[in-house]
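Each of the two complexes below includes chain A, the first together with chain B, the second together with chain C.
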Partner chain A sequence: MKHYSPFTVRHSLFVLVFVCLSASPAHAAKIGDLVHTNVLEQAIDFFTFREPAVRFALLGSMLLGICCGLLGSFIVVRKMALVGDALSHAVLPGVALGFLWNMSKDPIAIFVGATIAGLVGTSVVTLIKQTTRLKEDTALGLVLASFFAVGICLLTMIQRLPTGNKTGIDKFLFGQAAAMGADDVRLIAIVTVLSITIIALFYKEFLLTSFDAGFAKVAGFPAQAIHYGLMLLLAFSVVIALQAVGVVLVSAMLITPAAAAYLLTDRMSRMLWLAAFFGMAAGAVGAFFSYLGPNLPTGPFMVLGATAVFVLAFLFGPRHGVVMRWWRQRSRAQRIQRENTLKSMYHVLEAREFKGDGVSLRELSERRRETIEEAKQQVGDLRSHALVTLQEEGNVAFLTPEGWQLACAIVRNHRLWELYLTNAAHIAADHVHEDAEKIEHVLGEEVVRDLERRLEYATTDPHGRRIPSLADLRRGGAGRERTEELVGYGRRS
Partner chain B sequence: MEHVEQTLPGGANVTHLKPSDAPLEVHDLTVAYHKKPVLWGIDLVVPPGRLVGIVGPNGAGKSTLIKAAMGLLPLSSGWVKIFGQPVEKNLVRVGYVPQRESVDWDFPVNVMDVVLMGRYGRLGLIRRPSKADREVARACLDKVKMLPYANRQISNLSGGQQQRVFLARALAQESDLYFMDEPFAGVDAATESAIVTLLQELKNKGKTLLVVHHDLTTARDYFDMLLLLNMRVVAFGPTNEVFTTDLLQKTYGGRLTILSEVAEAVSQKAT
Partner chain C sequence: MSELIPSFDPQHVLVMPWTSGLSSYGWSMLMGFFVAIACGLIGNYLILRRMALVGDAISHSVLPGIAIAFLLAKSRGALPMFLGALAAGIVTTILIEIIHKKSRVKQDAAIGITFSSLFAIGVILISLYASRVDLDQECVLYGEIGNVWIDTPVTIAGISLGPATVVRMGVVALITALLIVMFYKELLVSSFDSGLAFSLGINATVVHYALMCMLSVIVVSAFESVGAILVIAMLILPGATASLVSHRLPVILGLTVLHAALSAVLGLHVALWLECSIAGAMVVVGAFLFVLAWIFSPSQGLLRRWLWNRVEIPDDVAPAPVPSGRAPAS
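Then we have the complex of A and B:
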């Protein structure tokens, strides 16, 4: 997501805000001041709701995590992540005006003011988009920065006012769950329950309009109205999250848990559950860390908690995770390496018409045009997979029955494919080797059977070499009748 | 330039039909993007049980026509009726296959989820798909030979398979009038012939199909009626009457007809 210009604007604003706010110490309820001896004891007190002062903070943070995770899922799949960011910044003037309404931190007044400001902000984005040639990202950047600036000016003004109870108004920037009261939590609970109910009722509609709005309209669904409904819920969730997370980071609570969930599943319903769970966990973690010390902000800890989940999903997600992908690629590369070594052993045996079963490292390294050390390493890898046994101080390798089967299968795949390319695709015989080198490792059993049928069970490849037959594969030994006296096969060294 | 005055050569063919019964009736339809007209004064009466190909050059307004007919775009003037009713009152009889690129194939749904969406219109608000709906969806998937893929995530499908999924979703709508936007775009030969067979089957069941098509070489074989479109209807009628060098030349030849010049002027004035 690129939004460089608003970013720089935002950063310079931060500095200003910090200077303004640090001048006036806040008087929030400092649960962090409670004296405890160790973190574990604090954690137990905290998460068992035993500490009355933190009940509201924990409950509120978890609820808003659920709400943000659910709505964030739809934001992510609708590619509206930046809209959430702009919306969260646009609410700040509304927060200040709500405070100015009766010079107190009345949750309802602030809720109404912030929601209105957020909706005005999104309307301005739409207006700019429709009446000028500016595109959505620019419009969002404009609104985000300008509304935020207005909000900062208003907040600074409030800070300077001699009168009025200014407790906690500055907390709206970075969030402090500790400052939450019963009224705040009630509001959070109402919005969360409302969101869950609406998503549960209209899941089908949200899913359809998010995936294919045109089709939804033809199916008779009011796609536009559903979109605005979602935007309204989004505005609500941003506003309730403000006090705990803060204006600056609230969009991260929408995006991060949902993005982590998106990496972990391919079904929307599961994504919703996961995102809600991640959001709730992040909320709890954030509230806890801010409780550990005096005056610690909640928002950054919540977002870091969610980010940690995201990083884990990014690295270790079973299907899309970077580490897992790397691991799969690595094991595939190793398998191909093993198969190539086996193939070379087969070639060595074939070159001396299958007289003697042992393949020395020197023969193998000459065949593969590699050093003895490399050959030794490869044979060692084969041995660890029980595909060969080693004798004569590890200098001679013997194929086990499994190794023999696999070697035959690879050579067979290679030669069948070469034959198919020359016969059916009419590619010259000297052009087919490179292709077969890759295809031999991916041909499945069914395709091989099909190839055999199409090639009418041919026995020699385009270069005149014999294609190992099914009988060879089953025999489990080199190309002649095998007796028990023969050395090597099946015996572990 | 005289083709501006040209009206429907196939008009005689449809006179026996009362317009009010027609699956699709379009009257004097004009659609504009940013005040520049893309479709101009379209009149059209499509008889039932026909497989109609919509052909024309790039920018002729083929997609715009079907989108406008389904009420997806605001009309500058004119009206559209589906089986004699205004569009929005008869949407349940309309099935739609959008262009494949119009959706995000990384969306977290599987093949079955997408086909079930075809049932949503009949369900209306709030109600969830029932077991019977799932059965219909499975049958439709089977019809396009995609049943083994029912639980696949949609991003793991080839272009042809994605198109089959969209067709299965449209089949699940069980509509009487289908609009399809380039269903043959970017699909393999096997899928293309499977789709053609399917469209013929639907037609034989009395459904009416309007298919945006960009390949003139196959248009003649696939469709029994053709709509030659270039900002307005150049010709509409049975394929063998309409698919003539003369009419095709009028549709495709001469990019800058007087119409597009005027359209250009209109948009200049408007901005």
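Then we have the complex of A and C:
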């Protein structure tokens, strides 16, 4: 097993911090001031940061994508995904109160108010869970919606006030990256850097408490403190994401990139990298699409960007992807089918004591109790893998040396296993066939060697038939010069 | 700050809605009551089945269903809207199921991914076709229950029944109540003991999907008036409050109705006083009632638990079981 040093992770995260810091925002105007027609031209302008007007929006969106992706990874592996959802809705009253502080969209006041509201919300969830018989999902839904309702009441009350600059407060619901100013981006950068630093410094602690809370406790790690630390960081990230993504969809920025990363790797460090990257990409995509139209909200586009990544990972992930799994299953099924056909050909040959080389389709179909058509199709499949050659207008199949070897190997696997089951497991000889039918396709080289040794190189199976030997395997290649020794029966190496 | 909370005018807040304002605010109260009843009744089963957050998911994801139905049918008719919501509800349930069964993503993350994506699609559709879809983003979030009385009235046999939205919601609430009474046993058994349900021949999958369909219909009828997120509160709050007070399902269902009525009526008065969103105020009152139940519930309230813990029980007296929110093992 490869050992992954925490220092590599730590160093790489510090590099990330450096990248974030060095890309400090220059002065810029708002996105809405620009008029363009060509989408490609817009895309180039947008992503090269050449357009000063969109630097804030793009930079802010990407940074918060990184931040949300990193923190989201932990809540996904801790199975707390919907805590993020509850938290994001619960901050709304805090946003409203922060706005009331000095009747303006002061980022610091809103930040403080929202963080407090979010933390109060999560504490209430914990409290409800501990003191009533309501379950976690009910408690989450209850807090989420109740806090949100309080927030809505406050917002509607603020909106009828005669004083104060109220513009933009409604943008907190669905997010508008274009409304971000230098202060907002600075705040986002600070929180992102803070999250990255804390994760880098306490990587081991976070990892341990996420995967094995019991061990962490026994080993003396302050699991509770780490939990609350994570909650605090989560609250921070939700609050900074509000302006670009909006209250309603922040949770998606936490969950979706992390879940996509979770489908692609089994290592936490790689998952963090991937999630941060996906979050950043989703942020950039969201900011870009909302930049294309005059009244398009940013949040939904970011979420859809993240969802697209998730869908791709879900379908085509190399190990866990649905399509990949389906493909693997299909090719396995086809291989088993081929091996069964080869085995039947061997049986036909064996029945006439290996007189003559060809197996006609008729013999094969009778042996397999199938129609001629099916037999023809299977033989065609074998031919495309160069396991047989066809002669006499495709009616007679001849095993190639490779086909002969594979057929022998399968029959050998089958009979060895049958013998093993009767000898070692004392199963009656008429009960072992079914099991051997399955196992013959998956026995590896090592196991076959082991079986041979245990069975003392026996030559007949429980039904009194001969087990193909190494000599039989060579017989098929008699006409050809052999350059390599055979090392096993399942596969040639 | 003083401007934020207007002075309390009893005439305006307490008397007006029942006298001169009855023709408008009365309908709002009735609408709130119907929404809370329908949502609360079905919400009880969501809570029992630990599916409260599936309710959350469906309440978000009916939005694209409604938007697409609007765009296809080019009208705001009830039928396309119901169909769109039904389709969206079923798609949500199936998607959550697929993501969580076919990959190693857990159910909570699957719920989060599904509803946020669908909701995002809905919001984008609305903002792209704002002129054609008769919905705006704010309405999606907190509804327009104050305006239900403007809706065209429904008349049957010459008798005006009331605004179409309210009548529709009333019918939905009635159907919900009827269905729950009719299939009481099936719902009860399949919610509490799936093994028993199976041996009684109750198809749990059918019950599950029927519940989801009903939920979608309720959510879509409530959607316009209370919005996507407050629907969640309407779904969970009444049931959660009632289940803190009683352990018996019939009593819980009855208390749900009481909670619905109280939060609708009191919510309207609060909204008039504070001049804020009516639906929001109804939920706030509902949440307040929940907090009251949490503290003062006779069987398991915080106060009672606190008193229990203070009383010293002599050793020779067999200790009565302290009401506990959680099983001792967990």
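Methods note: the second predicted complex is superposed on the first by the 444 of 493 C-alpha atoms of A that agree within 3 Å, B and C clash if a C-alpha of one lies under 4 Å from a C-alpha of the other, contacts with A are read in each partner's own complex, and residues count from 1 in each chain.
One rule holds in what follows: contacts are C-beta pairs under 8 Å (C-beta built on N, C-alpha and C of every residue); 3 or more make two chains touch, one makes a residue touch a chain.
Since the model is a prediction, treat every value here as computed from it, not as a measurement.
Student: Does the superposition put A:84 against chain B (first), chain C (second), both, or neither?
Tutor: second
Student: Of chain B and chain C, which one contacts the greater number of residues in chain A?
Tutor: Of chain B and chain C, more residues of chain A lie in contact with C.
Student: In the superposed arrangement, which partner chain does A:156 touch: chain B (first), chain C (second), both, or neither?
Tutor: Touch partner of A:156: chain C, not chain B.
Student: Is A:217 touching the first partner chain B, the second partner chain C, both, or neither of them?
Tutor: Only chain B is touched by A:217; chain C is not.
Student: Touch check for A:131: first (chain B), second (chain C), both, or neither?
Tutor: second
Student: Would you sort A:299 into first (chain B), second (chain C), both or neither based on which partner it touches?
Tutor: In the superposition, A:299 touches chain C alone.
Student: Given the touch rule stated above, what does A:262 touch, chain B (first), chain C (second), both, or neither?
Tutor: Both partners.
Student: Can A:208 be said to touch chain B (first), chain C (second), both, or neither?
Tutor: Touch status of A:208: first partner only.
Student: Now for A:457: first (chain B), second (chain C), both, or neither, which partner does it touch?
Tutor: A:457 sits against neither chain B nor chain C.
Student: Please identify the positions on chain A that touch both chain B and chain C, taking each partner from its own complex.
Tutor: In chain A, residues 79, 262 are touched by chain B and also by chain C.
Student: Contact residues on chain A for chain C in the complex?
Tutor: That would be residues 76, 79-82, 84-85, 89, 100, 128, 130-135, 137-138, 140-142, 144-146, 148-150, 152-158, 160-163, 170, 173-174, 248-249, 251-252, 255-256, 258-259, 262-263, 293, 295-297, 299-301, 303-304, 307, 310, 314, 320, 322 of chain A.
Student: Can you list the chain A residues touching chain B in their complex?
Tutor: Touching chain B from chain A are residues 77, 79, 201-202, 204-205, 207-208, 210-212, 214-221, 262, 265-268, 270-271.
Student: Of all residues in chain B, which touch chain A in the complex?
Tutor: Touch list, chain B to chain A: 67, 70-72, 88, 91-92, 94-96, 98, 102-104, 107-110, 113-114, 117, 120-121, 123-129, 153, 155, 169, 173, 179.
Student: Please name which positions on chain C make contact with chain A in the complex.
Tutor: 1, 3-5, 47, 50-53, 55-56, 60, 99, 102-106, 108-109, 111-113, 116-117, 119-121, 123-124, 127-128, 130, 137-138, 141-142, 228-230, 232-233, 235-237, 239-240, 243-244, 271, 274-277, 279-281, 283-284, 286-287, 290, 294, 300, 302, 305, 324-326
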